[in-house]
């Protein structure tokens, strides 16, 4: 299992039966593949529907996820316009938002929409999702491709939201943000020292910190 | 033809083919009966649809106008919720709003929602209609039942809107409000002196003032 | 995830002092069965948010007539003389809100918006006590969100996920209130399986609906 | 009252310097035929309002690539590298707006609202230059309406009155833009007679639609 799959699988275990979940582009879209049996989630797609499911038939050009990839819908789905989509998101009707990050910090700040002067994809729905979803989970590889830390004391890139991130899941560890960064789980084979090495932000180790049990990854 | 019918008939002549029109409770609902041939209007009902038409079949308990009276719909109708209904009204998508009045004044102010300490029906949709409709027409009998003036220099009752009324149609006359009250039409058999007698507000007589031609009433 | 509930069970959710939203326009699209349960439950000191107070002997009008409501937020009360009487006698606080503003305030409550700017009510009693803001040279009132503890709504048909379609002018405030309360209970004429409502025609997505009651289905 | 127009006639409506809204989300639900007419008309110095700038070689992406747009108001430009390049080279002004805020601003433009209060963007670059307002102890940004000279939208089916239904995720911003421009032109796959669309399923009422063009119908 690669890093992305390990992360997606761990995030899947955060979800409760019946949760309404918005999945960001890329890694988060893998999450439904790893849902434990007995757990059904309802996937919200911010381009305008609830009940996103796997692609079963031929792709329909009008049925894509928020990343533009062909997808399917489940029985009990509903289509709506962008105002309704974000009324649901902003209004607290989405239980969990899972997003990637360029940087995330110990105050729960997230940066994932621009690198000034270089790359400015735009925030899309991310600012509304982090403002409105009840539980904001960052799902990302622990470090950048060149090995620099992404979990910082303070984000240096322009923020997506201020203080809304509650959980960070990487291929090394799981943190909760609760008056600072708290290490709650270590992936098998990873030491606390390994995590400190790869994390710029200081963090406390929860007294209940566990090695993520095998069945959870 | 009674006073209400005379008024409704004259208002009907103000409407252009294709106009989207909201008709207040009571007298204004008579207007569609008097549309000249070749003129089709689209009636907006603020309880949530466009394409209100006469009752043709058995009354359907879910199909009533904004006054709660059973009605029908025409081909090409559309139902929507109250937010959409007032998005249409406030957003300038309703061409004409025809309402009754307790008082209306030479500044275009309207009072039609409360008599303090006595009768407070509430404004319903009237404040939004007068704010948003492109043309606000007051259709009412010239005086109260006890003969007092309703067209005043300044409304004394709490206002429904400030300066939005453009046209007043009564069984005696038609006024436009254009930097003050301007008499534009007299009904047959009515003199300017008669109108002054029944009107508290001062008004100018348009140089183009005409006796409403027979075919217009 | 079973959202179905019998009308009988509904009674247990009501408490004195609650804020309750109720769909309907002069009784059309009003959840008559749910209101009957609220009547028989006996909860009092209610704040009621509804377009109007219907008629003294029907729907939510009965709640007013039975002195169960201490505060009413509505756009129109003219069809229920008892509402006006209690208001003038100061037995009932009535907050009159322009209908379009009422719709937007409820929509804000459900959509996580802090309010809207509207020209409606400027220069009238409605502007009293409100924040005013001038934008693009137009004077606006800032109208704040409305939410409730419970929303009682009426639809024509639900699937088991709570997806709703309405009937004609019975739609009115129901889809707005469906997002704007902590507990949302819908009364429907008909319950169908998931997949039986075309996803393109769903007006209220099921995720906002907590409980479904079938009319007359004790 | 004939709202039908050929694709060919559309070209005449565009002028240099216009503000144009265009429906679609990464090209899905985008009025390809109308955009093609806008491309071939040659109008430039356009302000474009759209969720995203799609791809360099398709839909509104081509307008960007052809330097026809001087100002873009959008939530996301990552799929069109040319947009980012022009922005960084200061050839194109890009105003990035959170997607939910963009939806609300367009809705305000169509609904006669002066703006909305949203928490989205508080504590970020998005709050720069905006009015802030604290209500119920929460800090909000006041986001102002967006309107356009022309809205180009895409629907699946129209009746001759302009009533519209959409297709799946192709709905997105189209129903909002349909109320927010002085001239609203819809491109549809199919045109039917009045009465052939169930009034309960209409998403956009025909009164807001000025012109109807059938895709491919030259």
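Letters A, B, C and D name the chains as they come in the text, with residue numbers starting at 1 for each one.
As a convention for this text, a residue touches a chain if its C-beta (ideal position, glycine included) is under 8 Å from a C-beta of that chain, and two chains touch if they have at least 3 such contacts.
Keep in mind that this is a model prediction, so the values were computed, not measured.
Considering A-D alongside B-D, which chain pair is linked by more C-beta pairs in contact?
A-D is joined by more C-beta pairs in contact.
I'd like the Å distance between the centres of subunit C and subunit D, where a centre is the mean of that chain's Cα atoms.
One centre to the other, that is 32 Å.
Rounded to a whole Å, what is the gap between the Cα centroids of subunit B and subunit D?
35
Could you tell me the distance, in whole angstrom, between the mean C-alpha positions of subunit A and subunit B?
Comparing mean C-alpha positions, subunit B is 55 Å from subunit A.
Express in whole angstrom the distance between the two chain centres, defined as the mean CA positions of subunit A and subunit D.
About 29 Å separates the centre of subunit A from that of subunit D.
Counting only residues that touch at least 2 other chains, which ones in subunit D make the list?
104, 107, 112-113, 118-119, 166-168, 200 - these are the residues of subunit D that touch more than one other chain.
In subunit B, which residues are in touch with two or more of the other chains?
49, 79-80, 86, 89-90, 131-132
Determine which chains touch and list them pairwise.
A-C, A-D, B-C, B-D, C-D
Which bits of subunit A are touching subunit D when the two form their complex?
Per the stated touch rule, the residues are 45-49, 60-64, 66-68, 79-83, 85-86, 89-90, 109, 113, 117-128, 131-132, 158-163.
Which residues of subunit C touch subunit D in the complex?
Touch list, subunit C to subunit D: 104, 108, 112-119, 131, 133, 135-136, 138, 140, 142, 144, 165-168, 198, 200-201.
Using the touch definition from the top, list the residues of subunit C that touch subunit A in their complex.
Answer in residue numbers: 1, 107, 110-113, 159-161, 163, 179, 193-195, 199-200, 202, 205-208.
Touching residues of subunit B toward subunit D in the complex: what are they?
Going by the criterion above, the answer is residues 17-18, 20, 40, 42, 44, 49-51, 73-80, 84, 86-93, 131-132.
Where on subunit C does subunit B make contact in their complex?
Its residues touching subunit B are 25-29, 51-52, 74-79, 84, 87-88, 94, 96, 98-104, 107, 118-126, 166-176, 203.
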